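Taking it in order: structure first as C-alpha coordinates, then the write-up.
Lettered A, B and C in written order, each chain numbered from 1.
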Amino acid sequence: MTAQRSAAADRAAIADLLARYCRGVDRLDLELVRSCYHADGVDHHTGFDGTVDEYVAWLAPALRRLAGTQHLVSTQLIEPAGDEAVAETYGQAVHWGDPPEDPRRNFTSGFRYLDHLQYRGGRWAIRERWAVREWTRSEAGMFVAKEADGPSGRRDADDPLWSLRSRVLGTG
Amino acid sequence: MTAQRSAAADRAAIADLLARYCRGVDRLDLELVRSCYHADGVDHHTGFDGTVDEYVAWLAPALRRLAGTQHLVSTQLIEPAGDEAVAETYGQAVHWGDPPEDPRRNFTSGFRYLDHLQYRGGRWAIRERWAVREWTRSEAGMFVAKEADGPSGRRDADDPLWSLRSRVLGTG
Amino acid sequence: MTAQRSAAADRAAIADLLARYCRGVDRLDLELVRSCYHADGVDHHTGFDGTVDEYVAWLAPALRRLAGTQHLVSTQLIEPAGDEAVAETYGQAVHWGDPPEDPRRNFTSGFRYLDHLQYRGGRWAIRERWAVREWTRSEAGMFVAKEADGPSGRRDADDPLWSLRSRVLGTG
(Lines give C-alpha, C1' and ligand atoms only; values in the text may rest on other atoms or scores of the structure.)
Protein backbone atom coordinates (compact mmCIF):
# COMPACT_ATOMS: atom_id res chain seq x y z
CA MET A 1 0.00 0.00 0.00
CA THR A 2 2.81 2.37 0.79
CA ALA A 3 4.61 1.18 -2.34
CA GLN A 4 5.38 3.62 -5.15
CA ARG A 5 2.30 4.84 -7.00
CA SER A 6 1.69 3.98 -10.66
CA ALA A 7 -1.44 3.04 -12.57
CA ALA A 8 -0.37 -0.60 -12.50
CA ALA A 9 0.43 -0.51 -8.79
CA ASP A 10 -2.87 1.24 -8.05
CA ARG A 11 -4.79 -1.40 -9.94
CA ALA A 12 -2.95 -4.23 -8.19
CA ALA A 13 -3.57 -2.66 -4.79
CA ILE A 14 -7.29 -2.28 -5.56
CA ALA A 15 -7.60 -5.84 -6.87
CA ASP A 16 -5.98 -7.08 -3.67
CA LEU A 17 -8.28 -4.96 -1.53
CA LEU A 18 -11.37 -6.34 -3.23
CA ALA A 19 -10.12 -9.92 -2.74
CA ARG A 20 -9.38 -9.22 0.93
CA TYR A 21 -13.00 -8.15 1.35
CA CYS A 22 -14.05 -11.66 0.19
CA ARG A 23 -11.57 -13.28 2.55
CA GLY A 24 -12.90 -11.19 5.42
CA VAL A 25 -16.53 -12.16 4.78
CA ASP A 26 -15.84 -15.83 4.14
CA ARG A 27 -13.51 -16.30 7.12
CA LEU A 28 -15.85 -14.26 9.34
CA ASP A 29 -13.04 -11.79 9.96
CA LEU A 30 -15.21 -8.71 10.37
CA GLU A 31 -12.31 -6.35 11.12
CA LEU A 32 -10.78 -7.34 7.79
CA VAL A 33 -14.12 -6.51 6.13
CA ARG A 34 -14.23 -3.15 7.90
CA SER A 35 -10.66 -2.33 6.87
CA CYS A 36 -11.63 -2.51 3.19
CA TYR A 37 -13.68 0.69 3.58
CA HIS A 38 -12.60 4.14 4.60
CA ALA A 39 -13.99 5.15 8.00
CA ASP A 40 -16.69 7.20 6.24
CA GLY A 41 -17.46 4.41 3.76
CA VAL A 42 -21.00 3.67 2.63
CA ASP A 43 -22.50 0.39 1.42
CA HIS A 44 -25.66 -0.35 -0.57
CA HIS A 45 -26.60 -4.03 -0.45
CA THR A 46 -29.67 -6.19 -0.98
CA GLY A 47 -31.59 -5.39 2.20
CA PHE A 48 -29.12 -2.82 3.54
CA ASP A 49 -28.10 0.82 3.07
CA GLY A 50 -25.78 2.63 5.45
CA THR A 51 -22.32 3.32 6.79
CA VAL A 52 -19.56 0.74 6.99
CA ASP A 53 -20.01 0.41 10.75
CA GLU A 54 -23.72 -0.19 10.30
CA TYR A 55 -22.93 -2.62 7.48
CA VAL A 56 -20.57 -4.73 9.58
CA ALA A 57 -23.11 -4.74 12.42
CA TRP A 58 -25.79 -5.96 9.96
CA LEU A 59 -23.53 -8.46 8.23
CA ALA A 60 -22.23 -10.27 11.31
CA PRO A 61 -25.48 -11.98 12.43
CA ALA A 62 -26.49 -12.61 8.80
CA LEU A 63 -23.25 -14.54 8.25
CA ARG A 64 -23.53 -16.38 11.57
CA ARG A 65 -26.95 -17.78 10.59
CA LEU A 66 -25.13 -19.65 7.81
CA ALA A 67 -22.63 -22.51 7.98
CA GLY A 68 -20.42 -20.87 5.37
CA THR A 69 -20.09 -18.57 2.38
CA GLN A 70 -17.74 -18.28 -0.58
CA HIS A 71 -17.47 -15.07 -2.60
CA LEU A 72 -15.91 -15.94 -5.95
CA VAL A 73 -15.00 -12.79 -7.87
CA SER A 74 -14.27 -12.90 -11.58
CA THR A 75 -14.66 -10.31 -14.37
CA GLN A 76 -13.06 -7.10 -13.12
CA LEU A 77 -12.44 -3.64 -14.58
CA ILE A 78 -10.51 -1.15 -12.45
CA GLU A 79 -10.25 2.45 -13.66
CA PRO A 80 -8.03 4.68 -11.54
CA ALA A 81 -7.97 8.46 -12.01
CA GLY A 82 -5.55 10.12 -9.61
CA ASP A 83 -6.67 9.38 -6.07
CA GLU A 84 -10.09 8.17 -7.20
CA ALA A 85 -11.04 4.95 -8.93
CA VAL A 86 -14.07 3.07 -10.18
CA ALA A 87 -14.09 -0.71 -10.11
CA GLU A 88 -16.65 -3.14 -11.43
CA THR A 89 -16.19 -6.66 -10.09
CA TYR A 90 -18.45 -9.57 -11.01
CA GLY A 91 -18.92 -12.47 -8.66
CA GLN A 92 -20.92 -15.35 -7.31
CA ALA A 93 -21.63 -15.71 -3.60
CA VAL A 94 -22.34 -19.28 -2.52
CA HIS A 95 -24.19 -19.60 0.80
CA TRP A 96 -24.79 -22.84 2.68
CA GLY A 97 -26.41 -23.78 5.97
CA ASP A 98 -28.71 -26.13 7.85
CA PRO A 99 -31.03 -27.64 7.01
CA PRO A 100 -29.74 -28.17 3.43
CA GLU A 101 -33.32 -27.98 2.12
CA ASP A 102 -33.78 -24.40 3.37
CA PRO A 103 -33.64 -22.09 0.34
CA ARG A 104 -32.96 -19.05 2.56
CA ARG A 105 -29.73 -20.63 3.81
CA ASN A 106 -28.70 -22.43 0.61
CA PHE A 107 -28.45 -20.22 -2.44
CA THR A 108 -26.00 -18.65 -4.85
CA SER A 109 -26.27 -15.03 -5.89
CA GLY A 110 -24.69 -13.39 -8.92
CA PHE A 111 -23.58 -9.83 -8.25
CA ARG A 112 -21.63 -6.89 -9.55
CA TYR A 113 -19.75 -4.80 -7.01
CA LEU A 114 -19.66 -1.24 -8.25
CA ASP A 115 -17.07 0.54 -6.14
CA HIS A 116 -16.00 4.10 -5.78
CA LEU A 117 -12.53 3.89 -4.24
CA GLN A 118 -10.28 6.59 -2.88
CA TYR A 119 -6.60 6.78 -2.04
CA ARG A 120 -6.35 8.54 1.31
CA GLY A 121 -4.06 8.18 4.30
CA GLY A 122 -1.64 6.15 2.24
CA ARG A 123 -4.07 3.46 1.15
CA TRP A 124 -6.83 2.60 -1.26
CA ALA A 125 -10.18 1.74 0.30
CA ILE A 126 -13.87 1.78 -0.61
CA ARG A 127 -15.66 5.11 -0.30
CA GLU A 128 -19.00 3.77 -1.56
CA ARG A 129 -20.16 0.37 -2.80
CA TRP A 130 -23.24 -0.71 -4.71
CA ALA A 131 -23.63 -4.50 -4.55
CA VAL A 132 -25.89 -4.98 -7.56
CA ARG A 133 -27.77 -8.29 -7.46
CA GLU A 134 -27.99 -9.88 -10.90
CA TRP A 135 -29.61 -13.25 -10.19
CA THR A 136 -30.32 -15.61 -7.31
CA ARG A 137 -30.35 -19.38 -7.62
CA SER A 138 -31.82 -21.65 -5.00
CA GLU A 139 -29.44 -24.41 -3.90
CA ALA A 140 -32.06 -26.05 -1.65
CA GLY A 141 -31.25 -29.75 -1.56
CA MET A 142 -28.39 -29.38 -4.08
CA PHE A 143 -25.38 -29.53 -1.78
CA VAL A 144 -24.06 -32.99 -0.96
CA ALA A 145 -21.36 -34.36 1.34
CA LYS A 146 -17.89 -34.58 -0.16
CA GLU A 147 -16.91 -38.00 -1.44
CA ALA A 148 -13.91 -38.51 0.87
CA ASP A 149 -12.01 -36.83 3.70
CA GLY A 150 -9.64 -33.97 3.01
CA PRO A 151 -8.75 -30.39 3.95
CA SER A 152 -11.73 -28.43 5.28
CA GLY A 153 -12.26 -24.74 5.81
CA ARG A 154 -13.18 -23.00 9.04
CA ARG A 155 -14.36 -19.53 9.96
CA ASP A 156 -12.12 -19.15 13.00
CA ALA A 157 -8.41 -19.02 13.79
CA ASP A 158 -8.07 -22.74 12.96
CA ASP A 159 -8.57 -22.31 9.21
CA PRO A 160 -5.42 -23.70 7.55
CA LEU A 161 -4.82 -20.35 5.83
CA TRP A 162 -3.82 -18.67 9.06
CA SER A 163 -1.24 -21.25 10.12
CA LEU A 164 0.24 -21.30 6.61
CA ARG A 165 0.57 -17.51 6.54
CA SER A 166 2.01 -17.47 10.04
CA ARG A 167 4.59 -20.11 9.19
CA VAL A 168 5.68 -18.72 5.81
CA LEU A 169 5.09 -15.00 6.19
CA GLY A 170 5.60 -14.64 9.93
CA THR A 171 2.20 -12.96 10.31
CA GLY A 172 0.46 -12.51 13.65
CA MET B 1 -3.64 1.43 -24.63
CA THR B 2 -1.28 4.09 -25.82
CA ALA B 3 0.80 3.52 -22.69
CA GLN B 4 4.37 2.27 -22.96
CA ARG B 5 4.67 -1.30 -24.20
CA SER B 6 6.03 -4.08 -22.00
CA ALA B 7 5.03 -7.70 -21.52
CA ALA B 8 3.26 -6.76 -18.28
CA ALA B 9 1.49 -3.78 -19.88
CA ASP B 10 0.45 -5.90 -22.86
CA ARG B 11 -1.02 -8.54 -20.60
CA ALA B 12 -2.88 -5.95 -18.53
CA ALA B 13 -4.28 -4.30 -21.66
CA ILE B 14 -5.45 -7.67 -22.99
CA ALA B 15 -7.03 -8.70 -19.68
CA ASP B 16 -8.89 -5.36 -19.65
CA LEU B 17 -10.03 -5.83 -23.23
CA LEU B 18 -11.43 -9.27 -22.49
CA ALA B 19 -13.31 -7.94 -19.47
CA ARG B 20 -14.71 -5.03 -21.50
CA TYR B 21 -16.12 -7.60 -23.93
CA CYS B 22 -18.13 -9.08 -21.02
CA ARG B 23 -19.28 -5.62 -19.94
CA GLY B 24 -20.40 -4.88 -23.49
CA VAL B 25 -22.45 -8.07 -23.79
CA ASP B 26 -24.00 -7.87 -20.34
CA ARG B 27 -24.90 -4.17 -20.53
CA LEU B 28 -26.15 -4.59 -24.13
CA ASP B 29 -23.55 -2.09 -25.28
CA LEU B 30 -22.99 -3.56 -28.73
CA GLU B 31 -20.52 -0.90 -29.83
CA LEU B 32 -18.37 -1.81 -26.86
CA VAL B 33 -18.55 -5.45 -27.98
CA ARG B 34 -17.58 -4.48 -31.52
CA SER B 35 -14.64 -2.39 -30.31
CA CYS B 36 -13.04 -5.46 -28.73
CA TYR B 37 -12.35 -6.86 -32.21
CA HIS B 38 -10.27 -5.46 -35.02
CA ALA B 39 -12.38 -4.41 -38.01
CA ASP B 40 -11.43 -7.66 -39.78
CA GLY B 41 -12.06 -9.76 -36.68
CA VAL B 42 -13.64 -13.21 -36.88
CA ASP B 43 -15.70 -15.07 -34.28
CA HIS B 44 -16.57 -18.76 -33.93
CA HIS B 45 -19.39 -19.33 -31.46
CA THR B 46 -21.98 -21.99 -30.67
CA GLY B 47 -24.38 -21.47 -33.57
CA PHE B 48 -22.33 -18.76 -35.30
CA ASP B 49 -19.28 -18.36 -37.56
CA GLY B 50 -18.42 -15.08 -39.26
CA THR B 51 -17.01 -11.58 -39.12
CA VAL B 52 -17.32 -9.26 -36.16
CA ASP B 53 -20.01 -7.22 -37.90
CA GLU B 54 -22.00 -10.36 -38.60
CA TYR B 55 -21.41 -11.48 -35.04
CA VAL B 56 -22.78 -8.28 -33.51
CA ALA B 57 -25.78 -8.45 -35.85
CA TRP B 58 -26.42 -12.05 -34.73
CA LEU B 59 -25.78 -11.35 -31.05
CA ALA B 60 -28.09 -8.36 -30.62
CA PRO B 61 -31.47 -10.13 -31.06
CA ALA B 62 -30.21 -13.21 -29.20
CA LEU B 63 -29.43 -11.02 -26.19
CA ARG B 64 -32.69 -9.09 -26.45
CA ARG B 65 -34.71 -12.33 -26.16
CA LEU B 66 -33.27 -12.65 -22.65
CA ALA B 67 -33.87 -10.54 -19.55
CA GLY B 68 -30.17 -10.53 -18.73
CA THR B 69 -26.80 -12.21 -18.95
CA GLN B 70 -23.65 -12.28 -16.84
CA HIS B 71 -20.31 -13.41 -18.27
CA LEU B 72 -18.05 -14.31 -15.36
CA VAL B 73 -14.49 -14.89 -16.56
CA SER B 74 -11.96 -16.67 -14.38
CA THR B 75 -8.89 -18.80 -15.19
CA GLN B 76 -6.83 -16.84 -17.71
CA LEU B 77 -3.50 -17.34 -19.47
CA ILE B 78 -2.27 -14.56 -21.74
CA GLU B 79 0.82 -15.19 -23.87
CA PRO B 80 2.06 -12.16 -25.82
CA ALA B 81 4.73 -12.50 -28.53
CA GLY B 82 5.55 -9.14 -30.07
CA ASP B 83 2.39 -7.75 -31.65
CA GLU B 84 0.58 -11.09 -31.45
CA ALA B 85 -0.87 -12.86 -28.44
CA VAL B 86 -2.81 -15.96 -27.51
CA ALA B 87 -5.21 -15.84 -24.59
CA GLU B 88 -7.22 -18.62 -23.01
CA THR B 89 -9.96 -17.34 -20.73
CA TYR B 90 -12.37 -19.60 -18.86
CA GLY B 91 -15.80 -18.43 -17.89
CA GLN B 92 -19.40 -19.05 -17.08
CA ALA B 93 -22.22 -17.25 -18.85
CA VAL B 94 -25.43 -17.04 -16.85
CA HIS B 95 -28.57 -16.36 -18.92
CA TRP B 96 -32.00 -15.56 -17.52
CA GLY B 97 -35.38 -14.71 -19.01
CA ASP B 98 -39.11 -15.26 -18.95
CA PRO B 99 -40.73 -17.55 -18.23
CA PRO B 100 -38.25 -18.81 -15.59
CA GLU B 101 -39.16 -22.41 -16.44
CA ASP B 102 -37.94 -22.05 -20.04
CA PRO B 103 -34.62 -23.91 -20.33
CA ARG B 104 -33.74 -22.05 -23.55
CA ARG B 105 -33.82 -18.73 -21.69
CA ASN B 106 -32.49 -19.90 -18.33
CA PHE B 107 -29.17 -21.69 -18.47
CA THR B 108 -25.51 -21.37 -17.60
CA SER B 109 -22.79 -22.31 -20.03
CA GLY B 110 -19.15 -23.02 -19.25
CA PHE B 111 -16.80 -21.82 -21.94
CA ARG B 112 -13.20 -21.18 -22.88
CA TYR B 113 -12.47 -18.17 -25.04
CA LEU B 114 -9.47 -18.97 -27.22
CA ASP B 115 -8.33 -15.66 -28.65
CA HIS B 116 -5.78 -14.66 -31.22
CA LEU B 117 -5.08 -11.01 -30.46
CA GLN B 118 -3.09 -8.47 -32.41
CA TYR B 119 -1.61 -5.09 -31.56
CA ARG B 120 -2.40 -2.80 -34.47
CA GLY B 121 -3.27 0.87 -34.79
CA GLY B 122 -2.05 1.49 -31.26
CA ARG B 123 -4.29 -1.04 -29.54
CA TRP B 124 -4.78 -4.69 -28.74
CA ALA B 125 -7.94 -6.27 -30.11
CA ILE B 126 -9.25 -9.70 -31.10
CA ARG B 127 -8.28 -10.97 -34.54
CA GLU B 128 -10.05 -14.33 -34.15
CA ARG B 129 -12.00 -15.93 -31.33
CA TRP B 130 -13.09 -19.51 -30.71
CA ALA B 131 -15.72 -19.62 -27.96
CA VAL B 132 -15.36 -23.27 -26.96
CA ARG B 133 -18.43 -24.59 -25.16
CA GLU B 134 -17.47 -26.91 -22.30
CA TRP B 135 -20.80 -27.64 -20.61
CA THR B 136 -24.34 -26.30 -20.44
CA ARG B 137 -26.49 -26.46 -17.31
CA SER B 138 -30.22 -25.89 -17.38
CA GLU B 139 -31.38 -23.31 -14.85
CA ALA B 140 -35.07 -23.86 -15.64
CA GLY B 141 -37.01 -23.11 -12.47
CA MET B 142 -33.83 -22.50 -10.44
CA PHE B 143 -33.77 -18.71 -10.31
CA VAL B 144 -35.72 -17.10 -7.49
CA ALA B 145 -36.59 -13.54 -6.52
CA LYS B 146 -34.07 -11.80 -4.31
CA GLU B 147 -34.91 -11.79 -0.63
CA ALA B 148 -35.09 -7.98 -0.20
CA ASP B 149 -34.78 -4.77 -2.17
CA GLY B 150 -31.40 -3.42 -3.19
CA PRO B 151 -29.30 -2.22 -6.10
CA SER B 152 -30.39 -3.71 -9.42
CA GLY B 153 -28.71 -3.84 -12.79
CA ARG B 154 -30.01 -2.55 -16.09
CA ARG B 155 -29.03 -2.95 -19.70
CA ASP B 156 -29.46 0.70 -20.64
CA ALA B 157 -27.99 4.07 -19.71
CA ASP B 158 -29.59 3.88 -16.26
CA ASP B 159 -27.35 1.11 -14.96
CA PRO B 160 -25.62 2.52 -11.86
CA LEU B 161 -22.21 1.82 -13.40
CA TRP B 162 -22.60 4.61 -15.91
CA SER B 163 -23.53 7.33 -13.44
CA LEU B 164 -20.70 6.25 -11.12
CA ARG B 165 -18.15 6.39 -13.94
CA SER B 166 -19.50 9.71 -15.11
CA ARG B 167 -19.30 11.22 -11.65
CA VAL B 168 -15.86 9.90 -10.67
CA LEU B 169 -14.09 9.61 -14.01
CA GLY B 170 -15.85 12.36 -15.92
CA THR B 171 -16.76 9.94 -18.71
CA GLY B 172 -19.38 10.62 -21.34
CA MET C 1 10.12 -17.04 -15.25
CA THR C 2 13.70 -16.02 -15.81
CA ALA C 3 12.51 -12.41 -16.09
CA GLN C 4 13.72 -9.80 -13.62
CA ARG C 5 12.40 -10.28 -10.09
CA SER C 6 10.05 -7.78 -8.50
CA ALA C 7 7.02 -8.17 -6.27
CA ALA C 8 4.75 -7.50 -9.25
CA ALA C 9 6.64 -9.94 -11.49
CA ASP C 10 6.61 -12.59 -8.77
CA ARG C 11 2.87 -12.23 -8.35
CA ALA C 12 2.27 -12.41 -12.10
CA ALA C 13 4.46 -15.52 -12.40
CA ILE C 14 2.58 -17.20 -9.56
CA ALA C 15 -0.85 -16.30 -10.98
CA ASP C 16 0.25 -17.79 -14.31
CA LEU C 17 1.53 -20.93 -12.64
CA LEU C 18 -1.75 -21.48 -10.81
CA ALA C 19 -3.68 -21.04 -14.07
CA ARG C 20 -1.38 -23.47 -15.87
CA TYR C 21 -2.24 -26.06 -13.23
CA CYS C 22 -5.91 -25.73 -14.25
CA ARG C 23 -5.01 -25.99 -17.92
CA GLY C 24 -2.98 -29.13 -17.20
CA VAL C 25 -5.81 -30.85 -15.33
CA ASP C 26 -8.54 -29.85 -17.76
CA ARG C 27 -6.59 -30.75 -20.90
CA LEU C 28 -5.35 -33.99 -19.28
CA ASP C 29 -1.77 -32.76 -19.69
CA LEU C 30 -0.35 -34.48 -16.65
CA GLU C 31 3.22 -33.32 -17.25
CA LEU C 32 1.97 -29.75 -17.17
CA VAL C 33 0.29 -30.53 -13.84
CA ARG C 34 3.51 -32.06 -12.49
CA SER C 35 5.56 -29.05 -13.62
CA CYS C 36 3.53 -26.75 -11.37
CA TYR C 37 5.10 -28.38 -8.30
CA HIS C 38 8.71 -28.59 -7.25
CA ALA C 39 10.07 -32.14 -7.43
CA ASP C 40 9.62 -32.46 -3.65
CA GLY C 41 6.13 -30.94 -3.75
CA VAL C 42 3.32 -32.22 -1.54
CA ASP C 43 -0.43 -32.14 -2.12
CA HIS C 44 -3.37 -32.51 0.26
CA HIS C 45 -6.63 -33.12 -1.56
CA THR C 46 -10.06 -34.57 -0.83
CA GLY C 47 -9.22 -38.28 -0.75
CA PHE C 48 -5.46 -37.84 -1.25
CA ASP C 49 -2.31 -36.91 0.69
CA GLY C 50 1.16 -37.39 -0.71
CA THR C 51 3.97 -36.29 -2.99
CA VAL C 52 3.47 -34.70 -6.39
CA ASP C 53 4.40 -37.93 -8.16
CA GLU C 54 1.87 -39.85 -6.11
CA TYR C 55 -0.66 -37.10 -6.75
CA VAL C 56 -0.28 -37.26 -10.53
CA ALA C 57 -0.52 -41.07 -10.40
CA TRP C 58 -3.74 -40.77 -8.37
CA LEU C 59 -5.18 -37.96 -10.46
CA ALA C 60 -4.76 -39.55 -13.90
CA PRO C 61 -7.31 -42.40 -13.58
CA ALA C 62 -9.69 -40.17 -11.59
CA LEU C 63 -9.75 -37.70 -14.49
CA ARG C 64 -10.06 -40.43 -17.11
CA ARG C 65 -13.25 -41.74 -15.46
CA LEU C 66 -14.81 -38.40 -16.39
CA ALA C 67 -15.70 -36.94 -19.79
CA GLY C 68 -14.29 -33.55 -18.81
CA THR C 69 -13.49 -31.04 -16.08
CA GLN C 70 -13.20 -27.27 -15.86
CA HIS C 71 -11.34 -25.57 -13.01
CA LEU C 72 -12.49 -21.97 -12.86
CA VAL C 73 -10.33 -19.97 -10.47
CA SER C 74 -11.45 -16.59 -9.18
CA THR C 75 -10.72 -14.69 -5.93
CA GLN C 76 -6.96 -14.74 -5.45
CA LEU C 77 -4.52 -13.27 -2.93
CA ILE C 78 -0.81 -13.81 -3.53
CA GLU C 79 1.63 -12.76 -0.82
CA PRO C 80 5.32 -13.11 -1.78
CA ALA C 81 8.08 -12.76 0.80
CA GLY C 82 11.50 -13.18 -0.76
CA ASP C 83 11.71 -16.65 -2.28
CA GLU C 84 8.59 -17.85 -0.44
CA ALA C 85 4.97 -17.02 -1.07
CA VAL C 86 1.51 -17.87 0.16
CA ALA C 87 -1.41 -17.87 -2.27
CA GLU C 88 -5.08 -18.35 -1.62
CA THR C 89 -7.05 -19.07 -4.79
CA TYR C 90 -10.79 -19.68 -4.82
CA GLY C 91 -12.38 -21.76 -7.53
CA GLN C 92 -15.10 -24.01 -8.81
CA ALA C 93 -14.33 -27.35 -10.43
CA VAL C 94 -17.04 -28.56 -12.79
CA HIS C 95 -16.97 -32.33 -13.50
CA TRP C 96 -19.06 -34.10 -16.12
CA GLY C 97 -19.37 -37.67 -17.36
CA ASP C 98 -21.63 -40.51 -18.37
CA PRO C 99 -24.28 -41.26 -17.53
CA PRO C 100 -25.40 -37.65 -16.89
CA GLU C 101 -27.57 -38.83 -13.98
CA ASP C 102 -24.57 -40.17 -12.05
CA PRO C 103 -23.86 -37.73 -9.20
CA ARG C 104 -20.33 -39.13 -8.75
CA ARG C 105 -19.44 -38.09 -12.30
CA ASN C 106 -21.51 -34.90 -12.51
CA PHE C 107 -20.85 -32.39 -9.77
CA THR C 108 -19.31 -29.01 -9.07
CA SER C 109 -17.04 -28.43 -6.10
CA GLY C 110 -16.13 -25.11 -4.54
CA PHE C 111 -12.56 -25.02 -3.26
CA ARG C 112 -9.79 -22.85 -1.94
CA TYR C 113 -6.26 -23.72 -2.98
CA LEU C 114 -3.92 -22.76 -0.15
CA ASP C 115 -0.44 -22.86 -1.61
CA HIS C 116 3.01 -22.53 -0.18
CA LEU C 117 5.18 -21.59 -3.14
CA GLN C 118 8.93 -21.33 -3.43
CA TYR C 119 11.27 -19.72 -5.94
CA ARG C 120 14.02 -22.25 -6.60
CA GLY C 121 16.06 -23.17 -9.66
CA GLY C 122 14.93 -20.01 -11.40
CA ARG C 123 11.20 -20.59 -11.12
CA TRP C 124 8.21 -20.39 -8.84
CA ALA C 125 6.44 -23.67 -8.13
CA ILE C 126 4.25 -25.24 -5.44
CA ARG C 127 6.04 -26.65 -2.41
CA GLU C 128 2.83 -27.69 -0.64
CA ARG C 129 -0.86 -27.38 -1.49
CA TRP C 130 -3.99 -27.77 0.59
CA ALA C 131 -7.05 -28.05 -1.65
CA VAL C 132 -9.72 -27.08 0.86
CA ARG C 133 -13.19 -28.26 -0.17
CA GLU C 134 -15.83 -25.66 0.65
CA TRP C 135 -19.00 -27.16 -0.86
CA THR C 136 -20.08 -29.81 -3.34
CA ARG C 137 -23.14 -29.49 -5.57
CA SER C 138 -24.63 -32.43 -7.40
CA GLU C 139 -25.15 -31.78 -11.11
CA ALA C 140 -26.88 -35.13 -11.69
CA GLY C 141 -29.30 -34.63 -14.57
CA MET C 142 -28.52 -30.89 -14.81
CA PHE C 143 -26.21 -30.83 -17.84
CA VAL C 144 -27.91 -30.58 -21.22
CA ALA C 145 -26.74 -30.71 -24.83
CA LYS C 146 -25.70 -27.38 -26.32
CA GLU C 147 -28.33 -25.69 -28.45
CA ALA C 148 -26.32 -25.64 -31.71
CA ASP C 149 -22.99 -26.72 -33.15
CA GLY C 150 -19.84 -24.79 -32.42
CA PRO C 151 -16.27 -25.04 -31.14
CA SER C 152 -15.76 -27.96 -28.76
CA GLY C 153 -12.98 -28.79 -26.37
CA ARG C 154 -10.87 -31.92 -26.29
CA ARG C 155 -8.44 -33.44 -23.83
CA ASP C 156 -5.85 -34.43 -26.41
CA ALA C 157 -3.56 -32.77 -28.94
CA ASP C 158 -6.57 -31.83 -31.09
CA ASP C 159 -7.91 -29.21 -28.69
CA PRO C 160 -8.02 -25.94 -30.66
CA LEU C 161 -5.80 -24.27 -28.04
CA TRP C 162 -2.75 -26.23 -29.16
CA SER C 163 -3.01 -25.41 -32.86
CA LEU C 164 -3.65 -21.74 -32.07
CA ARG C 165 -0.57 -21.57 -29.83
CA SER C 166 1.50 -23.42 -32.38
CA ARG C 167 0.45 -21.10 -35.17
CA VAL C 168 0.80 -17.79 -33.31
CA LEU C 169 3.52 -18.52 -30.77
CA GLY C 170 5.48 -21.15 -32.67
CA THR C 171 5.19 -23.58 -29.75
CA GLY C 172 5.82 -27.32 -29.99
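Going forward, a residue touches a chain if its C-beta (ideal position, glycine included) is under 8 Å from a C-beta of that chain, and two chains touch if they have at least 3 such contacts.
In this text the structure is predicted, and so the values were computed from the model without any measurement.
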Q: Quick one: how many steps at least from subunit A to subunit C, stepping chain to touching chain?
A: 1
Q: Would you kindly state whether over half or under half of the residue numbers at the subunit B/subunit C interface are used by both copies, giving same or different?
A: different
Q) Turning subunit A onto subunit B with a C-alpha fit: angle in degrees, nearest 5? A) 120
Q | Separation of subunit B from subunit C, taking each centre as the mean of its C-alpha atoms, in whole Å | A | 23
Q. What residues in subunit A touch two or more of the other chains?
A. 8, 72, 74, 91-92
Q: Sort out for me which residues of subunit A touch subunit B in the complex.
A: 7-8, 11, 44-48, 72, 74-77, 79, 81, 84-86, 88, 90-92, 103-104, 107, 109-110, 112, 114, 116, 130-138
Q) Which bits of subunit B are touching subunit A when the two form their complex? A) 3, 8-9, 12, 16, 19-20, 22-23, 68, 70-74, 91-92, 94, 96, 139, 142-153, 160-161, 164-165, 168-170
